[in-house]
Structures are given as C-alpha cells and as structure tokens.
C-alpha cells in the first residue's frame, strides 16, 4: 500500500506549528460549515416567511382553503394549486409505483447477475435527464400521443366517470400525472431495489424449502419483509412528484382553477411559482401570496422527505451494513 | 429397511470451487441419519443438494442423482421436491411479519387450504409434533419472532412439518441454542422418525451419538465412512474417522 | 393428506408474474428510448458552428417563400458554464468542509442533525431554493434580483448539502489505519485530515463534485427566479444571464419553429454535457473499486 504523501509533506508534517490551536481552529471551522447547513435550512424558511407575511396577514389560514386566484382584485387562495399538486402526485404514484416495484423485483430477484448492473445504470439514466428536457419531450411527443390516442379512448370507454368527461385539452392534468409517473420511476425503483436486496437470503430459503414457487417466495418472504423500506421508497417518490416543477409546468396547461375533469388544464404549487413569480411586483400582495405558496410547498416537502427518510433509514439500518 | 432417499455420486460446485465430490449415501426410511465432520467438509452443501436448494445460489452447480423413492429429484419439478423434502435451518428464521399461527399455516395457504377449521387442526397438530403447542396455544396471534430462540426453532420445525413432508432435513438445528433448548429438540428428533425420515447435519458428535441410527462422516468434500452410529463411534474402520472422533482435529 | 392439486395454477402464476416484472422494465425503457431518440434526431439537425457562436434569432416559422435564421445559443452556453463555475466555487469548499466535519468528528447529536437535514435538503424542490434567493435579494439587494450572482447562489444552495454528503461518504471510505499511522507519527489531527485523508479520498470527492454539477446543470426553476435569462452575451455578475436550461424552457413554449429547433439543440447539448460529467464521475469511481479489489 502506497502512502498518499506528496513531496515535502513529510517535513511539514513532522514539524507542526501551534498544533493544538490548529486542531481547535479546524474543528471549529468545519463544525461551523456543518452548522451552516442547518442555518441555511432555517434561513430559507425564515426568509420565505418574512416575504409571505403580507399575504398571511391578509388571508390567514383561509388562504389554504380559498379557491380564488385573482391578481386584479388582490384575492388569493392556495386551493387550486394544492388540488393540482395532490392529484398529479396521486396519478403519478398510481401509475409509477407498480412499474417501479416490477422493475425492483426484476432487478433484485429475477435477473441474472450479469444484467443487473447494466440494467441499474440504464434506469439511472432516466434520472439523469433534466426536468426541462422531460418537459420538452412531453410537450412535443407525449402531449400529441395522449391527446390523439389515450384521452379519447378513456372518454369513450370510461366516460361515465366525471373525471373523464368534459372537453379534452391537450395540456392537462392527466398528461402532467403521466409525465410525473415516468419521472419518479428511477427513485422509487432504486430505493425499493435496495430494500429488496437487504432481505437476508435465509428468508427466501425458508419459503422455498416449504415448496413455494419463486413468485410465492418473493411474495411471502421478501416483499412483506421489506415493506417498510418499500413504503419509504414510495414516500420518496411522492416527495419528488410533489416538488417537480419544469416538466409539469410545460404540460399542465396553467389554469388557476379546480376542475373535476382530468382532461382540463390545471396548476400545481410549483408551476404557479415558476410562472408568476418573476412577474411579481416587489412588495405586492400577489408576490407575498406566491411566496406563501412556496412556503407551503417547502414545509410539506420537508415533512414528506423527513418521514420518508426515517422509514428508509430505519429499515436499511436494521439490516446488516445498511447505508442509505 | 427401505431406502427412502439416496444420493448417487453427487458432486456440487460454488462457481469454480468444488465443494463435494462423488457422494453416494442411502437414507433409511423412518430412521435418523446424521452427517458429521469438521467445518467446511461439505455436509451442509450435501443436504442442500437433497432438497434442490443448492442450485438457487448464483453460479452453483450440481451433478449426479438424488433419488426420492427411487425417482431422481433433479428430473422432477423443484417446487414439488421441496414440499416433499422439508428443511430446518441453522438459525431459526420464522417470517417476521407473520404471527405464530400464520408461520405454521404458510405452507398450507400456499397450497390453497382456506378452510379455517382445517387450518386450525393442522396448525395444532404440527405445533404438538414440534412440542411447542402448550407453550404457544394462547399466543398464536403473536409475531413469530417474539418467541425465544429455542421456541423459534421449534416453530420452524412445526412450519416445516405442516407441509407434510416425507423427509426432514436439519442443518445444525441446535447450534445457536442453549443446552436446555437443545435437549428439547433432540427429544423431538427422536420422536419424529416414527413418521418421517430425518437427516441431521451436526458438528456435535455427542448429538449424533444421541439421536442418530446411522452416521456418515465427511471430510473435505468426500464421504469417508458411513455405518450404524454405535459401530462408527466404537469401531471406526477408517483412520481418519478415528482421528476425528478422538478429537485429534476438527 | 392434503391434496396438492393447485400446482398448475401456481406454476402459471409464477410465470405470469415474472413476465409482468419484465414488462415493467420494458415499459420504463420506452420513454427513455423515446426521449433519447427525439433529442438526438431533432437536436442534431440544429447543431453546427452557427449554433455555438450566434445568439437567439428573430422568432419565426418558415413559410412557403421565406426561410428563418437559425441563430444559436452561444450566450446560453457561456451562461451555463459561468453559473456552474460560480456555484461550484461557492458551494464546493463549503460543502467539503461540512463533509469533513461529518466524517472526521462524527459523533453526537449535532452531527446526526446535520447529516439528516443535509439529506432532507437534497430532496427539497429546487424552486424553493430559487424562491429563497429571489426573496432574500428582494429584501437585501433589490437591484440585482435577476443576476448571475443570484443564479450562482441559488445553485450553490442546492449543491452544498449534496457535496457535504458525498464528501463524507468518500472520506469514510479511507481506512482508519491510514489515519492511525499518520497520528502515530506525531502529526496533529487537523494536518492528518487535510494532508493525508483528503488526498486519499481525492477521487471520491471529485466524483461528488462532478455529480453535483451534473445535477444542477440542468436546473431551470431556480434560474427562472434568479438568473433571469439574457438574449445577449454577458458575463457580468450583476446582470441577468442566459442559461441552456432557460433557453429550452423559453423556446419550447413558443410557436416559432426556429426557436423550437434551438430548444432541441440546447437539450441535446445539455444532456451530452450532463452525461459526460456523470460518466467522468463514474469512471473515477470504477478506477477506485478496481484498486480496492486488488488490495483486498
């Protein structure tokens, strides 16, 4: 083993100057940097809160329930955006989680070892595509696809459901949900895969030795064992969908109202901020409301992330050598 | 004195490494056969070949035949084989997300038994056979992992028995247990051979002497000697066997 | 004796489930393939010398008797690199220092809190960071709300927790025996950290920095509120600045064909750069694993 010393280091190392001061200073310095991260997080919340104050003073907690967003009359409410965010995230989870689990099961349990690593890389490639490129692709490829084939079919077959009624717009809630589903697949499948791989081999063997088929052993020994880890993965996916901005902004249609139909345009917390913030007049009530939306977004995303990481940490930490 | 299970020139590899070579061994019906030998001699590998568990390890390979009722298990569906040849592992591994009841009923549910009355009956029967019923009959709903180590292992035995296997393989079942729990399980093994054919791997010679009718001695992947337990321990034929038994190595 | 007559159904279910799992993999690969294909095909048609040197053209769509100027995104390319450089210069030293703290002085509630919240921060929506800088500048420096420095700071805020954690992981991989050997020579702890441990973990740290840049290179939302975008070449810190990601967003959401084409070209270039950074990062890591296998 070669010692990684550079030339001249030896002399410098063996003739330390003021070593105990140096140690203290260094520890304090790096500790300050670590602490700075916590300070940064708090600062973000504080600065947002300060700028959101005028809006909070004007509307109070009713802000969250109000469905009106009218810059002309200075009436603002968060409801349409909370609705849009929750619904698109829900669609993303419903579509994306089963596919992610399927991938995780395939990679962790069924694929031969030689495919596993390249396949993992390929799925990670999905994660490396920037959100705005997803939006670009969504706008020019996914939107025409869904508008031409999927939406009419849904309205034709399931049109008795109120969510599939009404005029079909090309940029709408459904498309945003679909693109979010695609975007959360890398996260959810990667973390689920880690959870499945953390299940000890003797559990699988216990099921197999009872005469279970491969799938049955996965079902009773692996999936239930790893369920808290998988739940954490789903939460992380939810957190990702919740905060996703660019791809959603480009395909959701940007309408600040609640509508039951999934074919209608909508708006999410992050997309309204992306659209309206830079036009906001400094000190105006509108800007205050937008920042308040940002605060809501941050706090909820924080909660989801904390909860998700606790679950994943707890599960992986319980298994031997578990590291996030 | 029928031959229930037999290994015929069985060799097994982990990747390029050969773990056992040309093992031929008969297992008598309704009797207990012990396999002894020092660590790494291949005894666990051998019994994992008997229920086709060895091949589930990546890059593992098996050659030779294993005959169950004179039919080669490697020509049959592994799922069926594993139901007929059950296994108990070194460290008790009940399913942690299931209750005591559900652990025992697992094999039954897999095979489509839904009738609650029938499940109750077989669960009770299996727990009685594993000498665990009296201790858990009021706690059937508790998680399987909430039991003590010895109880968990007996739970695993009950779980294996509920599948109604014909052969029971036991891979050092007592190595992680205290003497009292060990004694309970050894008594159990003695009773089990009335209904099943038992194969037990152990590194504890005294245990083999206590519970087994036939004993086989393995060393470095080879079968050195096999015979009636008493003869093997009192008048071993091979010098290597004698050295092991007298404690000169292993 | 229980009747085991459901075997056929169970075997079928086993096969069906395996096929479904494979289908999920295929399903995920379809959008990936589509994105790659579309970006390459539509982007490549626009990438030429003019693309790299010119700035945005007058928006137009080609008609029966007119052609459009293609133009380029030269200013945006410069802008992206400037923003990456700026944010790295601010964030990497700070993140590295925090990572050292986490790895070397690693016990106690403060360390746990920093580590946990750093992880949490990496999952926050990036637009929140942009909004933070936007709001902070509105309060403190209202004249330069839309500027390169604001953009750089927004990206830096995103990078810092990420670099802290990846540096920590890289430093943790350095075996304790190296530290002990240096300490046994009578070297004070901080010098051990700076000279010895850091150079051992060099590759892992650089990898983390490259991955961080790959991560923020494609960020758009925070830049909407800070960098602001610029139609012309600019390297001034106090002026709004262009970026490739902003170009993609702005040009894609218009009906003009030549602007749309530039958006695809920018997407191709951006993805190639990010991919390049990721591959460089992985290449460094693979080298490291190879070494470890020989040693161990």
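In this document, chain identifiers A, B and C correspond to the written order of the chains, with residue numbering beginning at 1 in each.
Heads up, the rule we're going with is that contacts are C-beta pairs under 8 Å (C-beta built on N, C-alpha and C of every residue); 3 or more make two chains touch, one makes a residue touch a chain.
Because the structure is a prediction, the values reported are computed rather than measured.
By the count of C-beta pairs in contact, the leading chain pair is A-C. Relative to the centroid of all protein Cα atoms, the closest per-chain Cα centroid is that of A. Inter-chain spacing, taken between the CA centroids of chain A and chain C, is 15 Å. For the pair chain A and chain B, the distance between mean C-alpha positions equals 48 Å.
The distance from the centre of chain B to the centre of chain C, each centre being the mean of the chain's C-alpha atoms, comes to 53 Å.
Within chain B, residues 79-80, 83, 110-111 each touch two or more of the remaining chains.
Within chain A, residues 213, 216 each touch two or more of the remaining chains. With touch defined as above, residues shared between interfaces to two or more other chains in chain C number as follows: 10-11. Only residues 77, 79-80, 83, 108, 110-113, 122, 164 of chain B touch chain C when the two sit together in their complex. Residue ranges on chain B touching chain A, taken from their complex, read 51, 53, 56, 58-59, 79-80, 82-84, 86-87, 89, 91, 93-98, 106-107, 110-111, 156, 159-160, 163.
The touching residues of chain A, counted against chain C in their complex, run 1, 3-6, 9, 12-14, 16, 19-20, 22-23, 25-27, 29-31, 33-38, 40-41, 43-44, 47-48, 50-51, 98-103, 105-107, 110, 119, 122-123, 125-126, 128-137, 139-141, 182, 185, 189, 213-216, 218, 236, 239-240, 242-246, 250, 270, 273-274, 277-278, 282-283, 287, 291, 294, 297-298, 301-302, 305-306, 308-309, 324.
Within the complex formed with chain B, the chain C residues making contact are 1-2, 4-7, 10-11.
The part of chain C that touches chain A in the complex is made up of residues 10-11, 13-14, 17-18, 20-25, 27-29, 31-32, 34-35, 38-39, 94-95, 97-98, 100-102, 104-105, 110-111, 113-114, 116-121, 123-129, 131-132, 134-136, 138-139, 142, 145-146, 157, 160-161, 164, 178, 181-182, 185-191, 193-196, 199-200, 214, 217-221, 224-225, 228, 245, 248-249, 252-253, 260, 263-264, 267, 270-271, 274-275, 278, 295.
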